[in-house]
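This is the structure I want to talk about, given as structure tokens.
Which chain is which? They are A, B and C, in the order written, and residues in each are numbered from 1.
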Amino acid sequence: MLQAVLAVPRAALSFPRNGVEKAAIVIAILIVLLAVLGVWLAPFDPLKINFRGKLEPPSFTHLLGTDGSGRDVLSRLLYGAQLTLASTFLVLAVIVAVGCAIGIFSAFIGGVVDNLLMRLADIWLGFPPLILAFGFAAALGASLQAAIWALFFSWWPTYARLTRMVTVDILSQKFMASADALGVPVHRKILNYVIPNAFDVLIVQATLDVSAVMLAISGLSFIGVGAQIPTPEWGAMIADGRSYVANGWWIVLAPGLAIFLTALAFNVIGDMLRRELDPTSSRRQ
Amino acid sequence: MASPEPLVDLAGISKSFARRFLVQNRTFRLRDIDISIGRGEVVGLLGESGSGKSTVANIITRLTGFDGGRYHYRGRDVSTLTRKESFAFKSDVQIVFQDPYGSLNPRATVRSSVMESLLLHKPGLSRRERITRANRLLEEVGLNPERGDHYPHEFSGGQRQRIAIARALAVEPELLVCDEPLSSLDVSIQAQILELFVRMIRERHLTIVFISHDVNVVRLICDRVYIMNDGRIVENGPAQDVLSNPQNEYTARLLEAVY
Amino acid sequence: MDEPLLKVENVAISLRHDGRSMVAGVSFAVNEREVFGIVGESGSGKTLLTRTLFGLHDDAFLSRGSVTFAGETVPLSGYAAAMRKRLGHAIGFVLQDPFSSLNPTMRVGKQITEAIYLAKGWPMGAERTKEAAMALMSEVGIPEPKLAFDQFPDQFSGGMRQRIVFAIALSQEPKLLVADEPTTALDAITQRRVIDLILDRSRRHKLAVILISHNLELLRQSVDRIAVLYGGQLLNIVTAGEIGTRTIHPYAEALFACIPARDKRLADVRAIPGEPVAAGAARIGCAFASRCSFAEAVCREAPLPVNPGAAATFSACLLGRGVH
């Protein structure tokens, strides 16, 4: 399985077809790097309040200016990168892992259990995520944590259904009959047959969901049920900056642009992956 | 040279299942299947698509069960086999499928597909030994072992069929079931794979069940043949006799239609 | 008639999106009442050739050569559209998969009357057109045409559907019928019946037939002459009787030798080593040279002869094998 999964990055070097896609990859890599290293690069303490220096426009000291409480926007942006992206990838990791596990299990077990699980997933998908978010905010107090839990709970069915569909499709292929003829045990079937063949579809969905999840987290923070001020999560920053749009446009612009660029970059990458990994096209190597 | 006790003994096998025919579901009935295969024989199962021959192939390899009748392998009733014995059965009976494009894991290198057989059924071998054996098998079926790190889609249909054969032979089976192994291949490649089969039969003393709709191929390599139509066996006997002097009307019509 | 119905001279086919030449130097002629076979393995270009020749291929076009049908030369520019105009009334097409050729939501009788209408308008009136359709159905061997008329394609077996497709093709009274692997999806008994039907119709109605197949033996027993394609090249045109009796092109001979046929023994079947070469690879010389047991240096270096004048029999062998 490892071999198959590692083969993708090597092949991926040939994927980008135009300047936009190449730029998207570069931007995505930069943003991830900033998320990892940002906290060391930040020139100021993102939480340090300084009322005398509030609402300063971008300058050499404060490259992105200061916000309504005098906090350095750039530093907040950098810390925020880590928060927003880490929570995004955490949510994705959990929903993919849990959703796929349930989907694969459902596909293998088949029959009534499979039916029930998928109907459960269907119903679950009908729950408005916002209600869940409010619920978690009420239970845990509005925070980034609450937003993350809400997303864990509302998003796993998507991956469960997708993985189940892909797995059923894989199981119907002749090479699975060949595996049966050989007596390949179930755990090996999952690791060596199902996951490597499902990987393409899943990676495309997950990449496209990066922006969706990120927007959900920021969105929840923006409306007040996620991260709260002074946490420098990007959505929360926008909420905070709302009041200062007239005389402090940089406060909203910086995180807004950051969200926009990140979402766009990952979407472009997701589309590129979908085009390249589409199983209906003949494979090129 | 058939030994007294048949390797495969199907007696009165029957199976009913719903099969999608055009837009409706119809019940397909396999019935009164009596087949016996002796060690070293090459037995053909000849019939059109829908005759049930692939189902019989799956029953023989135990990929699917059956409703009525008995199946004895090497004298043992297969329904009495323990889990461990059922697993060991898979190193006695192997299958090669029709479609070379779908029968190999597209995400596994060709060598690892062959090594998998060894991993599962020759547990005493080290990884290095598995690699060596896999390479030797690839060579035996006419492929360059240095290409073992490539993926199935980089090979042609005929080559993929060779890989599938290598994978089946890796476990050193007694009986090889071949379900229309040539049908999806180009004409000039069919002859190559046919030659490979003939060589394998001779060198490895294999017993073969050869399922096909192609009368001419069956005529060439089979000792005995069973003719199937609509879920039943309509005639059987030595290939030379049945295919030149059929007793059954369906067989006669089939032979007359063949180019 | 002396003038052939279809004359194809030195035709080349290229792909639209990159201009790559896939098939080149193809010349052959088909006469009225003649049954002409085209044989090729996968990659030979036979599907590309026949589809493009009749304006049915979206991604390829005729880049060179001339095509004359029923006395009229069809110009290369606007070729596909011009050819498609002839389809339906002058040229009938029967494809491999009968199910996808028929509209699954339209009753079969209507599909035939529609075809008649498209070719001729309703000069006979609706009632007479329906009668003509039913007569056609019984002629192609569909039992109880009155009942069958109102049924849908999925109520028929594969062989019956193929007959319906054939009836549709014939309803427009074409001069030429092109059947592309019409029996591959059918069982042996039905296959024989459909081929016999096509041949019988052709004899009785002055209908020329082009029968495309990968099965050389089927063609050898059914058609008058056979064109052999390989790797995008036309290597041989032989009369069916020559196969197995006279020297023909080495590829055609090798192809014939590797087919298990009725009267052959195992030792008579000789495989061709190597893989079939695909059309489209830029090459000089004969595409079969890499697998030919007679190949010499000239086979890889000299340009391939192309049958100028579209002679009835032809061999492209640079060593002269099969040339009369």
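What we mean here is this: contacts are C-beta pairs under 8 Å (C-beta built on N, C-alpha and C of every residue); 3 or more make two chains touch, one makes a residue touch a chain.
The structure displayed is predicted, hence computed values, not measured ones.
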- Message: Comparing the two chain pairs, does B-C have more C-beta contacts than A-B, or is it the other way round?
- Response: B-C
- What chain lies farthest away from chain C once each centre is taken as the mean of the Cα atoms? A
- CA centroid of chain A to CA centroid of chain C, Å: 54
- Query: CA centre of chain A versus CA centre of chain B: separation in Å?
  - Reply: 48
- Query: Distance from the CA centroid of chain B to that of chain C, rounded to the nearest Å?
  - Reply: 34
- chain B residues touching chain C in their complex are 22-23, 48-50, 156, 158-159, 186-192, 194-195, 198, 213-217, 219-221, 253-254, 256-259
- In the complex of these two chains, what residues of chain A are touching chain B? 3-4, 173-175, 177-184, 192-193, 196-197, 199, 283, 285
- Message: Quick check: in the complex, which residue numbers of chain C touch chain B?
- Response: 41-42, 154-155, 187-189, 191-193, 214-218, 220-221, 254-255, 258-262, 264-266, 269-273, 275-276
- Item | chain B residues touching chain A - in the complex, by the definition given at the top | 61, 63, 87, 90, 94-95, 97, 99, 102-109, 112, 116-117, 120-121, 151, 153-154, 164, 167-168, 171
